[in-house]
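Each of the next two complexes has subunit A plus one more chain, namely subunit B in the first and subunit C in the second.
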Partner chain A sequence: MTSPDPLARARGRLRLLALAFLLAFGAVGGRLLQLLLAEPPATAARTARAEPEVGPRADIVDRHGRLLATDIPSVSFALDPLYVRDPAATAARIAAVLEGVDTAELTRRLARPGSRYAPVKRHLLPREQRAVLELGLPGTILRTRFRRVYPQGDLAAHLLGAVGADGRGLAGVEYAFDRRLREDPDRPLRLALDLRVQFALREELEAAFRRFRAKGACGLVLDVHGGDLLAEVSLPALDPLRFGEAPEEVRLDRCSGAVYELGSVFKLVTAAMALESGRVDLARRFDARGPYRIGRFRIRDVHDYRRALTVPEIVAFSSNVGTVQMAFAAGGAAVMEPFLRRLGFDRPLDWPLPERARPLFPRRWPEITVATVAFGHGIAVSPLQYARAVAALVSDGRPRRVRVRADAPVEVAREPVVGEATVERLRWLMWLVVERGTGTKAASRRYLVGGKTGTADKPARGRRGYDRDRTVSSFVGVFPVDAPRYLVLVVLDEPVGDEGTFGFRYGGWTAAPVVGAVIERIGPLLGVPPADEEVRRRYFARLREERFVDPGTGRREKRLAFVAPDRR
Partner chain B sequence: MLRRPLPPLVLLLVLATAFVYRQELRMVGVQRERTALARERARLAGEIRALEASLAWLTRPVRLGRLAAALDMVPATADRLVPAEAVARREGIELARRRFPVPLPSGYVATLRARPPLSPVRDGAGP
Partner chain C sequence: MTPLARTDRSALGRWWWTLDRPSLGALLFLSLVGVVMAFAASPPVAERLGYDQLHFVRKFLVFLVPAWLLLVATSLAGPRTVLRLAVLMATVALPLVAATLLVGAEIKGARRWLSLAGVSLQPSEFAKPAVAVVAGWLLARRPGLSGLPAAALPVAVLVTLLVLQPDLGTAAVVVAAFAVQLFAAGLGWFWIGLLAAGGGLGLAGAYLAFDHVRRRIDAFLDPAAEPYQVEAALAAIVSGGLFGRGPGAGEVKYYLPEAHADFVFATMAEEFGILLCLVVLGIFAFVVLRTLSRLLEAHCRFVLLAGTGLLAQFGLQAVVNMGVNLDLLPTKGMTLPFVSYGGSSLLALSLGVGMMLALSRRDVRLEDVP
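After this line comes the complex of A and B, so read on.
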């Protein structure tokens, strides 16, 4: 066996070595390229985890961009019990510098075997944070999290809702748009709400709520054409930061989450139905001598008119007896039930918020139901639902979806519920209520206001029938009445009359002045010019009135009649 | 060429390793800087949020209403709203709101605005 040539062996080794170097350089070069050209995904993930958490929820702003809800950084303090030798002493030291810390509870938490996390206090103030750091306790955990705050306080609390400790919406806008607020935190959610209008409504409503010692109150302002909810106030007020601790009656949004038998404000719906049916016109009279009997039931007015009333008088003086007859003259149940369904009274309000009370809509329609529904009893709807219907009746007859978000599309029903002629007459009737009827306290010096008063007895507790001592007083107003742009509705739950109202708790005495004051305040803010004298004259020209003394009662009364434009 | 290849190859390997190490070190530094900047950004974003919340709290309608009352200021009434046609020198006011770009010989484009009238008044209510 011959030994191989040493030179050939050396060359072979050199080739191997060159190959090894080539591989090594290839690896180094590859790694270099990797480092220079692309960031390794593992490193990117590590960096992202190291970044502090950005605000988890988007801001909520009003239609003009005013801040309603935002997240601000807040520090929470906790301890790792593994590092705590004497739980009782540690808890005592902490309680000495932090308010609201339960020493016994904290001691128990710190002494819990196997625990590595004992929460002490959330939302530390800067001075509290400094005090905790100065304690120098081993195992101190300070975590910065975002806390939801509402800079406007409780101004729009019921509409905005609240957020739970887990950062998820619990009610209102916070709940309805929870996903949008969490998934797109850099873009504020713009509401249709107008903070200025909200404030004006809140001030006026709260003053009435306190003055009449009401159990609750609701007020709202709707843009008649766009369906924008410009303001919504529910009282008693709710602290949005203590949502969970508030009792149910405080948490309740009375505008959309509660239903009421609204009483005489419903006569507008009956009047619209009657006029639209074509069987009733403004010149028609109905015998208003009460009581009106249906089987064993008797329907009365607040005071007996002892004469026939015209349709304008029935609406302006709010006659139950006249309204009932008007409803029957229009066609009774066969007309009323589908009419109310088309206005959406048979189902919960279609809007994005979870506060959607189911209306109490009659299942059967005997005569007595038609009669009571005609003047707003026997049917219970939410104030917002009612406002939406009236907005349709005074605009172009077509209901609109209530808009909560400013960027939501305007959704209008295809088919009008009433025609133009009915809309025009209804506006005049509403004007008459404020000018000569039960709603004079809603009149404005600058605007032509239309409206309707309502006072409904509440269902009795523990027995059938109604309780005359507990009422729901309301007023719905629109302005300017000749071409309505805004609707204002105020509902007072169980108001108590005072000296200023001579003890009366009727809607005309309690709720109407609130609506008048709100209109005076928000009109200029919303850029509504004062009433044109020509329009005022045109409205008065359709009215024929005559004052007389009732020989039976000796009271001064007035007769009101509509003068058709072509008969002037 | 391959007579004594080992020393230069080793040298090259050492240099390459040093280069890689230097790059890694720089990358770690950049990552730290990036993390610190992200933290700073988040802190400043939080501060901005807190400042915006404070501003909203300080300019809330309830407070402004109280301040306005203390300053004897009254809300504007509807009487203050007049049709645009009733405003005297309206054309002048509208002209003053417009901006006119004027190209200069240097190539720079300056913005020109007309001077507004000194005291816009209603027709017949002033000089």
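After this line comes the complex of A and C, so read on.
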């Protein structure tokens, strides 16, 4: 049954099999040698996943290159629980040398089965780092990462924003330009902000904020021609390193992230609209005997003027009754709504930062709305948005985009909202407010300042109508008034008057002095020459005034009238 | 200085002088490595499972001594006894494998284990070498490949049961070993090609039919999605370098569930270095190639085919295990013979290897041929 050698073929096959096994074992051996040459995996391959690498971010500097935000290396301390025999004892030893370590929590983390990474503490001081090294615990992981610091502390915290633990921007500039800051870390990001101006504004605003025990405050300085945001302060102050823990009212950027019914400062807008309409001129008078009735509503002034007021008087004394009639004389809703839209009040401010509060813009425009909007109620906008509009009205009538970055192009609207003549007259009206009207406390010895006061009752809580005890007091100032270069806006949220203001919380008493002080301080910094006597004479030349005592009330009053410049 | 003279004609004397002693020595060395690895790798695993640290070490040693006695005893047998033993094992183990499907404890999604008198064992481990010997005998009985249908029967039964458990890894080894036997028996190249295609189809079928197979193969093919165990094993091997991190300094055993069993190779690399891995690899290669060369000298087909089947099972299991540890093959639950921790499976392994050594002895006389 067998061939001569039945196994010959089998033997041949076995040799092939041997070859196959040789190849297989060779493959395994080759793979072992390959792994021998392989790069050892980063010792922290697993820890890297637990705490992602945070790359450096670009510095943020002000317009003159002064440092506002930068990265410093910071050491974080973690343990590999695999090497920890006794979690409780280890945690206790660590807590003995490091402050702020939760022993119970650390013990729990160290005892977690299968865990290879237990974070202990971030941002070790050199002293703490040394203490950790001296402990000599097995499984110690010290990692150097970048930490964002703000050398100026909380000075510009709301504008700059903050960075989260993951190295991503959370708010403000850090959020708006997050990609740029991460992708181009070697080139600083230059802001339009001027640190010196920021400091002056902050100091003056904070003094008023404390003195009047305000709930909040906003201050900003805008370059009227470039749209540069030179300074922006929101109070209460925010610690940028504790951004996450800050309550919402502290985190809120009141300049751009909140909207207010700004009240009488809005009369500038109404005046500009009325003058631009061509139906109202500076010589026009309106019956200011109150109250002014619209249906069941009555509009009053702080006190009844009991006479007709000229347009300069309406603005300088801030008469609601007069302003309302001015708005109707200009054409009412048909003129007002498009005018406000062109100033950008119907939509959130178009600027790069995420703090972009949506204004409350009336949807329907019955007469009562026209009347209240004329003196700044029934419409709520962010202070920055308002400042941008006023800057347009006093420069060349064209709104500009607010510039946050110094290298951003200057963007000016093609169509002016108001013409040159209106701009010229509005400047004079603003000068008059500071020279003879409600804003005299903003006057400066060095500069001719123009402005407007505002004191808005805040909407009542829990019921319709307004609360007379809670106000938003504000002042907007521009200088030099004959050719404005800078605008300063101050808004105080719920200030409380004191003896120095005879208990008044009006913008003219609380906010105007801040603006005056800021202008006195920043004018020289910004190289603005002091006012020319010639300009002052020219402005006074257009004013005819007369002082008298109201026989009915016994109050001392003034009559103010505009004298058209001689056109010979 | 051996106590046994060359002229000693006793069973023991004949055994000693005809045995492939270098292979036996090599296997002893492997077993020693296994003991070291049980001490090195199993305490953290035992601790994790809630046993005391030396639980697995003790169990391993308890089985190791009888296992080696069994191995030596089996290797004393002549071919006829080997066949009888195999037939006995097959007739006992195959029904038990079937029983696991009905009464087996489900562990990690498969029914493989039976509990007998307090000892849990996998009957398939015993059926595996038995089927190789029986199939070899059925092939050898008839000239050429005419014994194939008969030989395929026990293989098919075992493989069917294994697929039902499911234990696809063992099934694949059994099929592959049988294929090697057919190859040695002189299967034509055409049929070899057909069988290879069939194997490919089987693999594809497993891929489509079993979720866990699909997941593992997908993970193997996608370098970015390496399963956690393989990734950890690779990292451990690389971190060990040539000489290892030192005994006890390994980390992977603290978090890899199978550090003492399926992934003992990686654990070994981490603590004792790639050098020891190469030595272990060399020993496996040595045993496989040396046994093959002994089988080349066999005078009868049964010895050659049965021996080849046992050898193929042993060698394939080693290669697959190491390949999985090194990410050369998709993850497959398979132990490294003698080195991995094992309890009752050590007994089955010893029986198989003992039969392999018995068949590779030089004195296989013609009258012993079944």
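Keep this in mind: the second predicted complex is superposed on the first by the 511 of 568 C-alpha atoms of A that agree within 3 Å, B and C clash if a C-alpha of one lies under 4 Å from a C-alpha of the other, contacts with A are read in each partner's own complex, and residues count from 1 in each chain.
Methods note: a residue touches a chain if its C-beta (ideal position, glycine included) is under 8 Å from a C-beta of that chain, and two chains touch if they have at least 3 such contacts.
None of these values were measured; they are calculated from a predicted model.
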item: Chain touching more of subunit A, residue-wise (subunit B, subunit C); value: B
item: Touched partner set for A:R31, first subunit B, second subunit C, both or neither; value: both
item: Contacts of A:L82 with subunit B and subunit C, given as first, second, both or neither; value: second
item: Touched partner set for A:R13, first subunit B, second subunit C, both or neither; value: second
item: Partner chain(s) touched by A:P151 [first = subunit B, second = subunit C, both, neither]; value: first
item: Partner chain(s) touched by A:P113 [first = subunit B, second = subunit C, both, neither]; value: second
item: First (subunit B), second (subunit C), both or neither touched by A:R182; value: neither
item: Touching partner for A:F21 - first (subunit B), second (subunit C), both, neither; value: both
item: Contacts of A:I72 with subunit B and subunit C, given as first, second, both or neither; value: first
item: Interface residues of subunit A shared between complexes with subunit B and subunit C; value: 14, 17-18, 21, 24-25, 28-29, 31-32, 35-36
item: Footprint of subunit B on subunit A - complex, ascending; value: 14, 17-18, 21, 24-25, 28-29, 31-32, 35-36, 43, 47, 50-55, 59, 66-67, 70-73, 144, 146, 149, 151-153, 155, 195-196, 199, 203, 446-447, 520-521, 523-524, 527-530
item: Residue numbers on subunit C that touch subunit A, as the complex places them; value: 48, 143, 180, 183-186, 234-235, 237-239, 241-242, 251, 254-255, 269, 274, 277-278, 281, 284-285, 288-289, 292-293, 295-296, 298-301, 304-305, 308, 312, 315, 319, 322-323, 326, 328
item: Residues on subunit A engaged by subunit C in the complex (per definition of touch); value: 1-2, 6-7, 9-11, 13-18, 21-22, 24-25, 27-29, 31-33, 35-36, 38-41, 45, 82, 113-114, 116
item: Subunit A contact footprint on subunit B (complex, rising order); value: 2, 5-6, 9, 12-13, 16-17, 19-20, 23-24, 27, 31, 34-35, 38-39, 42-43, 45-47, 49-50, 52-57, 60-62, 65, 75-83
